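Input: a single structure, listed below in structure tokens.
Should a chain be cited, it is by its letter among A, B, C and D, assigned in written order, with residues numbered from 1 in that chain.
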């Protein structure tokens, strides 16, 4: 048996122990209030648990062997266990009621819950625990277990009727408990003695606390199930109110909605840069590279580029979206960015808004002439469909030009070729460029 | 029949199908618990729905024809429908109870709800869905439908009384359900059997969840109905507390309130720039131009200006409000902005605070001398009533001067004319200007 | 009678009308369900209101005369009133029940509530409406009025018992209504007929809505009663957690608490700069001057300074607090600020940490040498008690020196005098200054 | 007895008085509704309190003597007390019922609660009051006391049954009160007379208010018990959603979780810099020094450094964490930071990614060559295990070099030594460095 198989087997065993401990947490209070009747199936279960817990102690002692830890530590690990959690395990294993006949002593076996909680705490890493549905389930689990314990407490304060089945009586108590905790309070089951009234008051005050906690969390948890959606909706609501108040005409409103719908459907409305900025530098670079991996493969000259250049561009390229018909660049403007097309088609138009020089597609780039020669845009560029672009600002461009000769050469060649193709429609006025 | 008319007709048909599916979602559970009585009006309704759903299948098959799609795709679209949602539609159309006599099978017709939901999902774009009132209605609708289903469940667990009308018994069940879900819990209708108690517990726990969700959302939704107002109120509360604590004298407090009341009544308290900055560049420019369209028409020299200049100014002009009596510019100060009057009257006063050089009105501008000649303000300017101004900062001004000769010429002429009118009351000290 | 007295009288009259309209909103539904008994005091009240409302119409017609508006507008204003709100007023004045004998028609008189709401809306400016206690009262008022209306509705659906006083029966209905709206739901008063059950369901669902709104707002309103305190507490909680986790020793923790307690007691924990930045420029200047007025009067050379200099300093000075024993300035450091003492005592110490050059008090300043001569601090300065200082950063200082000769002269004289008093304990190293 | 002992004794006495006043606030309403029976233990308690309060007045008069205040102020302090709170104390001390036989007069003794509240208010400084558990306890205390008072009010509106023990009747009233306040509302105890109904309505409306406050605060308070954890969880949830949507491969996801888990376990997820920036300059320096104290002791050359250098570095060093295998520095990159190792091991690798120059450990530093000689990184550095580093940016580094000769010398020596060890694998290109 390999080490990995051993680990998997150990995990399964731990899961079995966790389920058993939880079942015990349900059955022991039931036995306490309904009485330990010799022939009941609960008793058989009690003995099964005792055996299983005993085996669990052996498993924990044998654990270092199974995991093939270094022999030098074996003795220490075993001793540590026996002095620490081993004691807790032993207490939880003993069938206290059968040893001493005192029902309350059986509560000592709840110690196993502590042990299980500690095991869970050790394996905390991973995505599951941040999943809102997992947290909602955990909450429902604890609410259910508490209701069960409180119902058993209610039964303990009543003399049991002998003519009704025990299950019906327990269900009646659980029904009272849920009625009270949810503050519904039908009033068909009410306390009569002083002790019952005090108990009821405690449950009611607990109920308010639970309720406050639920209400403060349920909305929060439900919202987190689709966090991105919630953020998107709040942005749209703000925009809708603003546009309604300022009488923006419906066609323009529709274009705004189209833009956000496209963004939502393709990027889920996430502000990539904000999320990335929370990561440490190394992870930020790797995640950036991954997110832009499709795009990088499309740009021909990046395929042969050095890793340093790709890494720098991946970190500095900012995503931006244009809707069909949008002007991305106006001829004659001062250029502060160059653009790479990740997805979509754009057409390059002369300043007279008539002559079409050509179209550019996925993996092409444009706007480098204005940055290279510090001159106004030589042509306009218009989006023909939804365009996912990446922009590179002037500082990063200049820096890349000076650092990476390959990048400089490629940009200069491309710019040279394009200037020859397009007659310069606006005179060079480098003096006006800021 | 034109294509637009066909689309409108299709939408009306879809609406009819949606209403029918919802009605069915109400009637089927009722029939399940009250029994299918041959002569009841519910049965006639059942058959009507069956026919309507059958027609709907035909409509979906004919849909590509009506919308005049390309013939090459017709076959594919029809096949896709028949293999996908067509199956769901067919299941929902069949009158299962009448075919097999098994009431529970009728629940299969709920499949139509899925189909309707999918149709709704396809036409998601637009302002309605971000409307808080729409979302509140949707919530009320689902709450009502759930309560109806839960009430039918309650009836299913009871033997019906033969001496009371069915409607009264259903109303009684719905009354129990609402009493429980809202946690009012009168206790005049309570469960007696074990099954009923378990069902009640489930409804109560659901009620808490619903409740938590309602409370987390109702306040939020109500707040969003007038989002701008909420933001305005919170600003005013913060200011009120601050001014009370720091003993700002009541007249000054009143001026602060006047300022915000004016802002609220004329701009609804919105920070235009913040909203605009969320839009992509192209849309931002267009919305800016629209918002400032009234103002641009007022300024004489902008009427003949080039589109580039107007676009640049629309993006860079920042709105600012002054209350009557406020000094906008103090003679002798260093100027960092020039001002365009969108609405209101200001008077130009000499540094001695007595001589009034004149008044300026909607469409006029001032403050350009200090920016052009880098000298301190040559005169003071005071608001005579509530003034909506737009400010242009020095950088944008300098940039516009160098880029747009028309703008430069106009500014220089105006400044020259004004300097000749007003004796320079403060010596040029360009050395002190930063 | 002067114009001011007339205005005051008009306001009192409006208040009387508002109270009458509210009383009517209470009595009319009562009369509808309890019946119009000829001799009851409610009838006398009914007639009183009718007369009062009739007089109110005359008052509104005469209003422009009383307020001495321009005669030219008199006719227009009166006509506008008669065609607009005058109609509403007339409808609300007529005693509909006595004219036609139809009780339900009397609900037309509720129109007066609209009129009162419109009057209230006109006079919205001022601090009262941003007061959380006012808003809480308004909420309680509407909750009470709604409960009254709902209780009347409950009575309308019941046949009244003839043996109990009407007041007891109304109280019983109100009791039912509050029990249901608060979701307490004792169940001692429950609906029996179908109509009553439907009505109860509506009230319960309304109750959930109200409840959600209350819970979303009460906490918010209570928090806003002491907004500054809430902000202060949240800062302290964050700091407490952080210091506990990072094992900051208790004496240092205590100093942090002392600092915040002093800040809270003297400034109420407000970040002055943040609040000021929300105001428009003119108001910001005036509020700044007011807040620093005590301080400005303490600094001798500011008394005779020009208004421009004082205004600029008021805007640029930043408040900062030091606790006893804190070093404000360390000899040898690079200085980036100079300090004005608003309140407190500091001592100037040589770099050897022994020689005390002297103490400075309210209105004194220090730290100007390092800014003037771009050299490291020539001496240390230590706070002797809690010190409220204002700091001036290097940019503003340089700017003020170049713009205001009076400021430059005073600073240079003071610095010269101090350098002669204190032997320069650190050599001038202007080259190392950044 | 020393001054400190006296202060401790005074505090204990004040605690005793506070407990007595609270007990009195519980017993007096009980006596009012149950009647003052001559032999009851409550009466004995009443007299005990009277004596204790009388002694408290003497203690307050003697207080200045005990605390050894200056004699000159003794008379003033005593007179102030007698005219102010002394009067309140006297009113609270008198046994009003026994003097005049009017039970209601006894409520005057509640004045002592005001006195106790004022004493508590005086000693507000310290960490306890910002503790969420303390605030939760305070809330529970006030909820309990209010419920007690409301229960006494309920008893006052009923004629007491003579056949049941008083305790049972009180418990019954308290039970009603909690049932109503928590909106459970069983309905087994309901009001019958009009007065009782009005009282019940008031309690119910109070209950909604309390409830709204509880729900708005409980979730908040519970969240604050582990504020750092809540912040950590929300970051993780945002990251999890983002990575799931963007299909980041599981191994990279795991590395992100590992990074945050390490950060959480070692720093509790706190953004140190954000917390520090809220402190005033002096405290910020001291807390920074404390937090970095372990690290400073590890770096050899800092041990002998001047206090100014250590202080400046403590303020400017920013903590950063790398996970095993992360590249901290890439050979050939432009360097903008140098690094100090606080905890962990890194290895220095040549640009060819093969040759390992050596490893660095706690207290070592690297990256200074690139900053000193403005050249690209000469070697790569990779984290071998979890590394806690501190980074120093280029500006601070340059500043420290010019200001602290000791720092400059050490850095230059180290860089010189290292350059000799490592053959320069990338040519000096200072022209490309920005």
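To be clear about the criterion, a contact is a pair of C-beta atoms (placed from the backbone, for glycine too) under 8 Å apart; a residue touches a chain by one contact, two chains touch by 3 or more.
In this text the structure is predicted, and so the values were computed from the model without any measurement.
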Those chains which touch chain C and also touch chain A: B, D
Higher-contact pair (C-beta pairs counted), B-D versus A-D: A-D
Rotation in the CA alignment of chain B with chain C, degrees, nearest 5: 90
Centroid comparison with chain B (C-alpha atoms), farthest chain: D
Interface residue overlap between copies chain A and chain B, same or different (over half shared): different
Distance between chain centroids, defined by C-alpha means - chain A, chain D (Å): 28
Interchain centroid distance [CA atoms averaged], chain B/chain D, Å: 40
Residues of chain A touching at least two other chains: 183-187, 211, 215, 217
Contact set on chain D toward chain C in their complex: 124-127, 130-132, 180, 183-187, 190-191, 194, 197-198, 200-201, 204-205, 207-209, 211-213, 215-217, 224, 227-228, 268, 270, 275, 278-283, 286-287, 290-291, 308, 399, 402-403
In the complex, chain C residues that touch chain A: 183-187, 215
Residue ranges of chain D touching chain A (in the complex, touch as defined): 143, 167-168, 171-172, 174-175, 178-179, 182-188, 211, 214-215, 217-220, 222-223, 233, 235-246, 248-249, 252-259, 261, 320-323, 326-328, 330, 332-334, 432, 434
